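Next come two complexes, and both contain chain A; in the first it sits with chain B, in the second with chain C.
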Partner chain A sequence: MSKKIKRLLGKNELYVAIIILVLAITIHMQSGLFFLPNNLVDLLRSIIVNSIYALCALLAFVSTGADVSFPMIAGMSTYIIFKLGETTGLPAFVLVLIALAIGAVCGCINGFFIVKFRFNSLIVTLSTSTICYGIAFGALKGVRIDVPAQFADFANWNILKVAKTEKALGASLHGAFLVMVILYLLVYLVLNHTMVGRAVYAIGGDEVSARRAGFKVDQIRFGIFVVNGLLAVIGGLCYACMCKNCSPMEYYGGEMIVIAAIVLGGVRLTGGHGSLTGCILGTFLLAMVQNSLTMVGISVYYQNVFIGIIIILGASVAAIQATRSMKIKSVVDKEGGE
Partner chain B sequence: MSDYILSCKGINKSFGGVHALQNVDLHVKRGEVHCLAGENGCGKSTIIKAISGFQPQDSGTIEFDGKVYTSLNPALSIDLGIQVIYQDLSVFPNLTVQENLAINTVLSNKEKIYSRKKQREIARKVMQTLDLDLDLDARVEQLPVASKQLIAIARAIYAKAQFLILDEPTTALTRKEVDRLFEIIRGLKEQGLTVLFVSHKLDEMYDISDSITIMRSGENVYSGPMATLTEDEFTHYMTGRDFDNVNDKHAEDRIQKQAVPAMELVNLSGPGFAHVSFKVQPGEILGITGQLGSGRSELCNTLFGIEKASSGQILRDGKAVKIRSVQDATMNGIALVPEDRLTEGLFLPVSIMENITVVNFDQFKKGLLLDRKAQEGNSGEWVQQIHVKTDDHLLPVQTLSGGNQQKVVLAKWLSTSPKVLILNGPTVGVDIGAKYDIYQLLRDLASTGVAVLVASDDLAEVVRLCDRTIVMRGGLMSGEIAGRDLTAERLTEAIM
Partner chain C sequence: MTAKRKSGINSDFLRMLIILIVLFIVAGVTRGSAFMSVKNFQTMGKQLSEYGLLALGLSMAMITGGIDLSTVYIANLCGATSALVMQAFVSEANPDGSLTGILIGCAVGLLVGLVCGCLNGILVSVVKVPPMLATLGTYELFYGITIVLGKGKPINAVNNFKSFAKNDVLFDMVPRPFIIFVVSAVILSIVVGKTAFGRRIHLVGVNEKAAAFAGIKNVAVITAAYMISGLLSAMTGLINLSKIASVKADFGSSYVMMTILIAVLGGCDPNGGYGEIPGVATAVLVVQVISAYLNSIPQINNYYRQALYGVLLLGFMTYKYFRNKAKSSR
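Entry: the complex of A and B
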């Protein structure tokens, strides 16, 4: 039993959960606004997109290294199909397939260079990201466009509504929340109940050992980046439909907060470590800080200061634990040297 | 059925015109422990790669269990029951013990679905092969090296190994752990397994091996039973050199007995050790020996200011000094060659020249800039003086062999002209030839009046190198052995 507790104490997830709880209680005591249905629903709504992105970041970091291309892959593909939808009137499912295909192609490009030439994944995905940015703005004049009629149903699909009260505004939970839940279930099943999933961790732990054990390292890595392209597209579509419009500019730079969130949640930048619980908790914590600090009267401009502090605190817990477990300790015998 | 389970005949392998293996024969009898010895770069790992199928030979045949193969591939070799335990052990540090134990079996069953329950059963069975008792849910990165190794061995045996290759298995183990490993190897031998044991530690080979093959520069230079090989012959075959000239051990005149002690500890306590008192004279080589966890590494670190002493005194040339930081230590003429040269002592991708001169950057200042010419001159001298084998000292340190890397670490600290030189495990992972070079270097250094402290758990090394040794156990000084009493037997008794 004590072993289990000890193992739990070694997990970042636990500390993030504690921080979330403490912060929530503090905010509620200060403002009385935190534990209200509308606020909680708002919070859930605000983690949808980032937690889908977090899956991309998790898969990449655990197995290979950084992936920073997902926001721009999302932005570009969403923008393209919204434009297509407007001009051609193709049905929604065809448009979604096209978007997924674009995401997959971007993922293939990432995977190809990373696997074949062993380039650093940060550099490769940074390049892809820049190319997508260039296409969205240069070739397609990335202005803000409204969600086309084909997606109107999805854009207006709410699964939960909280009515407006005297004290608080109303809120609604968008259907994209279900998409997120399904994706998490899928990724959970793959990571924990298939050999491919275990390979993701094994490769991240020790690539050479994984090869010797007989894992198809290159295929799995390539696959991960293709899957990341697909996940990015789904996240991007959800985002645009929730906003009811698409502007590629809004996607730009979205990777930073996501990476910060998963690092908070215990994903190690050196690979091999990271859990879905950590992804959700990290994303939730950062969303909470962004959403709720205004409630206690802290200006929007200072929110980033808090986010920065939280990230440093979160990362240092992990670092301290890592160094602690490295040290070999000599202990002086109490009875003496005989 | 022939007596030999493995017979490699006339194996050749070259890489871009360089002959890594030339006409090598290797015959291993069924059920024996066969030692494969040789210095780094002699072709040991190349022949292992040929046997394991990872890098087939250019020509020559491998006969295994009565069948002749012109080339093997990894899958075939595993099917034949050949298993290699690599030096890096091929474990997954981020996964649990359970997964590490079972993953190979699950993979070779070509299962797609991963079931924790099934895996646990397999892991239990794997543990039974060696009677292990490990926490299945612990992460492997938190285990000591010895346990990781046992995991790798258990895994191999469970995969129906008939022929086990252990690539330098004892490098990172303490004495006790080595004994445990050898017990296990003997157990395996009784079960009929054949073991090919790669090593360059002589005492271990005598301990465990039935016969030996020694390789040098890609050729087989000796094959025969272990028992009849003498130590001198062994060294001769390994290095192609003879080392009679290093026996100045009891050069009493080297030690300046009348002088003020170069360093004296009075009742020094610190993290991991307590109440340590000793003196060391200029020109003396003093051993500090004890097992891993006995406090010897911590003591070295404290003397060099990496850790802080909690009470007691350090005297340098008779004067009490306070050593709170590495800067304090260097200012007082103390230098430390750390235990793990890779993480603590060297910048691997950086040139040899910069590694040697880095602690002396002040000397090479020219205004705000560094005087590169002077730096190169200084480094060039050291490279010559201590025989670093390299064509160009501007090459990165990682291009050197282990022994030569260690020489670079030595040169780096010698260039500060220390008065007290502390070495922690000075020849860990170093070839026998380079080892003798380092011993000779340390003796020469001592005869110039430097006090040398050698912390080591390699007992043969302490006996060969040191004039006197203190023994640590459980963080305390448990004894002191000097002169003719300083033998391996006495030491073994004292540290246990």
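Entry: the complex of A and C
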């Protein structure tokens, strides 16, 4: 019993959940607008895309290191298929397959350089990101285009609607929410119930040990970046369909907030640690800060300051915890040696 | 590596120098007088100061085994605070800003840069936050503060300060920002290449634990490296303020990628321990020449430059990988 509580207390997720609750109650007491159906639905809607991206960031950080290419991969591939859809009129599933293929190719490029040459993943993904940026804006002009007719059904698909009341505006939950839920279930099953999932954590924790234990480190790492490319494309498509248009510029720079979110959720940048619950909670907390600060009368200009402070504090707490646990470990080692 | 250092010239610097000369010849032959004009060189000299000093700062962080993603936003924050201080000194007698106001403004800006760098350094060395994450957090913070300072709008420079970057000195030919860049690069080269401090930041980058056992105060060394980066960023902020006449919170966000490219081209190892300033400074020139060359060809869209930088970075790292491999198997 006490062991269980201790384990729970040591988890970042718990603290994030507490912060979310406290913040939510404060905002509601101040404004009376937080626990309204429309606000909650809006919040759920606003975490869809970022929590899909968070999967990319989680997989990359747990196994290898930073991946900052997912927003531009998403932006470029979505833009390409929207353009193709407009000009050629290909059916939607073919277009989605094309987008996934583009994402997979980008992921292969990332994986190739990271696995084969052992380059720093931040630098590699930064390069692919700028290459995608150059292609999206240079070769393809990168203007805002509307969602093509093939995707109209998906773009208009809402699974939940909150009617407008006198106190609050209406809100609707987009069908992409289901996509996100399915992706999380899939990743959950793979990470927690398969050998591959165990390998993802193992190679991030200690690569040499993982190799000796018989995991195919290189193949798995390569696979992770290909999967990241695919996830990025799905996230990007959802985003464009929710906005009913696509402008690659809107994707640019989206990685920072996602990385911040997963770090808050307890993912360690040094590898081997991180959970899906943490991903969702971190994303939710940041979405809350972005959406709800204005409700308590804090100017929208302060948004970035708050996000910055949250990242710094969250990262510092995690770092201090990590050093402390390492110190305890080394004390135990010493005692064991004597 | 020690042998290389003794010879005084390192191979990264030499390689960049050769590439630079080749680029000049190619540009001169294919674009002729459009490229080889005094005006073009002056523009290049002014332009490279927008990111050259940032790249030098980033390389300091990279040598210690870290990275500094916040440089661009430190620059903007410092520009914004300086501009506000200078505006505060505007009176009826001096509608274009007084000299004391400008001097105090510059001092405050540089101080803010040092404080920002110090914050980065403490987060990395004392709290032990991974450098990428620490500077990502401060990047967001500095960006946010700049927005708050300007209330979401650009902040204007006082008129008297605008002329600083515009006036050319040295036979009315060489722009001031370029001189600042060269002087900073030379000073930093000496600091990093010839002093005990320079040797220490390399050692910390190679192996932090070993450095600590060798009696090096890691916290002080790393913090100092990030503070230098902050100071250089602040100088960039002041130059930009004078040149562009206003500060925007999101100015130069694409320079983050560019500075990393320059640092790696210049011979810095992203994993730390390697890198010399002359190489980085020459890499700044190389990137500026490429950029100006592409600019002089109207058919090439500006955005292709970004794609090219990405390809260049990957290509160059691959080249280095194979060269190191060939060297170690010999």
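Keep this in mind: the second predicted complex is superposed on the first by the 327 of 338 C-alpha atoms of A that agree within 3 Å, B and C clash if a C-alpha of one lies under 4 Å from a C-alpha of the other, contacts with A are read in each partner's own complex, and residues count from 1 in each chain.
Just so we're on the same page, contacts are C-beta pairs under 8 Å (C-beta built on N, C-alpha and C of every residue); 3 or more make two chains touch, one makes a residue touch a chain.
As the structure is a prediction and not an experimental result, all values here were calculated from the model.
S.K.: Based on the superposed arrangement, let me know which partner A:Val305 touches: chain B (first), chain C (second), both, or neither?
M.R.: second
S.K.: Looking at the overlay, what does A:Ala213 touch: chain B (first), chain C (second), both, or neither?
M.R.: first
S.K.: After the superposition on A, what does A:Thr128 contact: first (chain B), second (chain C), both or neither?
M.R.: Only chain C is touched by A:Thr128; chain B is not.
S.K.: Just to be sure I read the superposition right, which of the two partners does A:Gly272 touch: chain B = first, chain C = second, or both, or neither?
M.R.: In the superposition, A:Gly272 contacts chain B only.
S.K.: Between chain B and chain C, whom does A:Asn192 touch in the aligned arrangement: first, second, both, or neither?
M.R.: The answer is first: A:Asn192 touches chain B but not chain C.
S.K.: Is A:Arg7 touching the first partner chain B, the second partner chain C, both, or neither of them?
M.R.: first
S.K.: In the superposed arrangement, does A:Thr87 touch chain B (first), chain C (second), both or neither?
M.R.: Neither chain B nor chain C is touched by A:Thr87.
S.K.: Comparing chain C with chain B, which touches more residues belonging to chain A?
M.R.: C
S.K.: Looking at A:Ile259, would you say it contacts chain B, chain C, both, or neither? Reply first, second, both or neither.
M.R.: In the superposition, A:Ile259 contacts chain C only.
S.K.: Following superposition on chain A, which residues of chain A contact chain B and also contact chain C?
M.R.: Common to the two interfaces on chain A: nothing.
S.K.: Which residues of chain A touch chain B in the complex?
M.R.: These residues of chain A touch chain B: 3, 7, 192-198, 201-202, 204-206, 208-210, 212-215, 271-273, 325, 328-333, 336-338.
S.K.: Tell me, which parts of chain C touch chain A in their complex?
M.R.: 67, 123, 127-130, 132-134, 136-145, 147-148, 151-152, 253, 257, 260, 264, 270-271, 301-311, 313-314, 317-318, 321
S.K.: Of all residues in chain B, which touch chain A in the complex?
M.R.: Where chain B meets chain A, its residues are 86, 88-95, 99, 103-104, 106-108, 111-115, 135, 137, 141-142, 269, 271-274, 292-295, 297-298, 473-478.
S.K.: Show me the residue ranges of chain A that touch chain C in the complex, using the header's touch definition.
M.R.: 66, 113, 117, 119-120, 122-124, 126-131, 133-139, 142, 253, 256, 259-260, 263, 269-270, 299, 301-309, 311-312, 315-316, 318-320, 322-323
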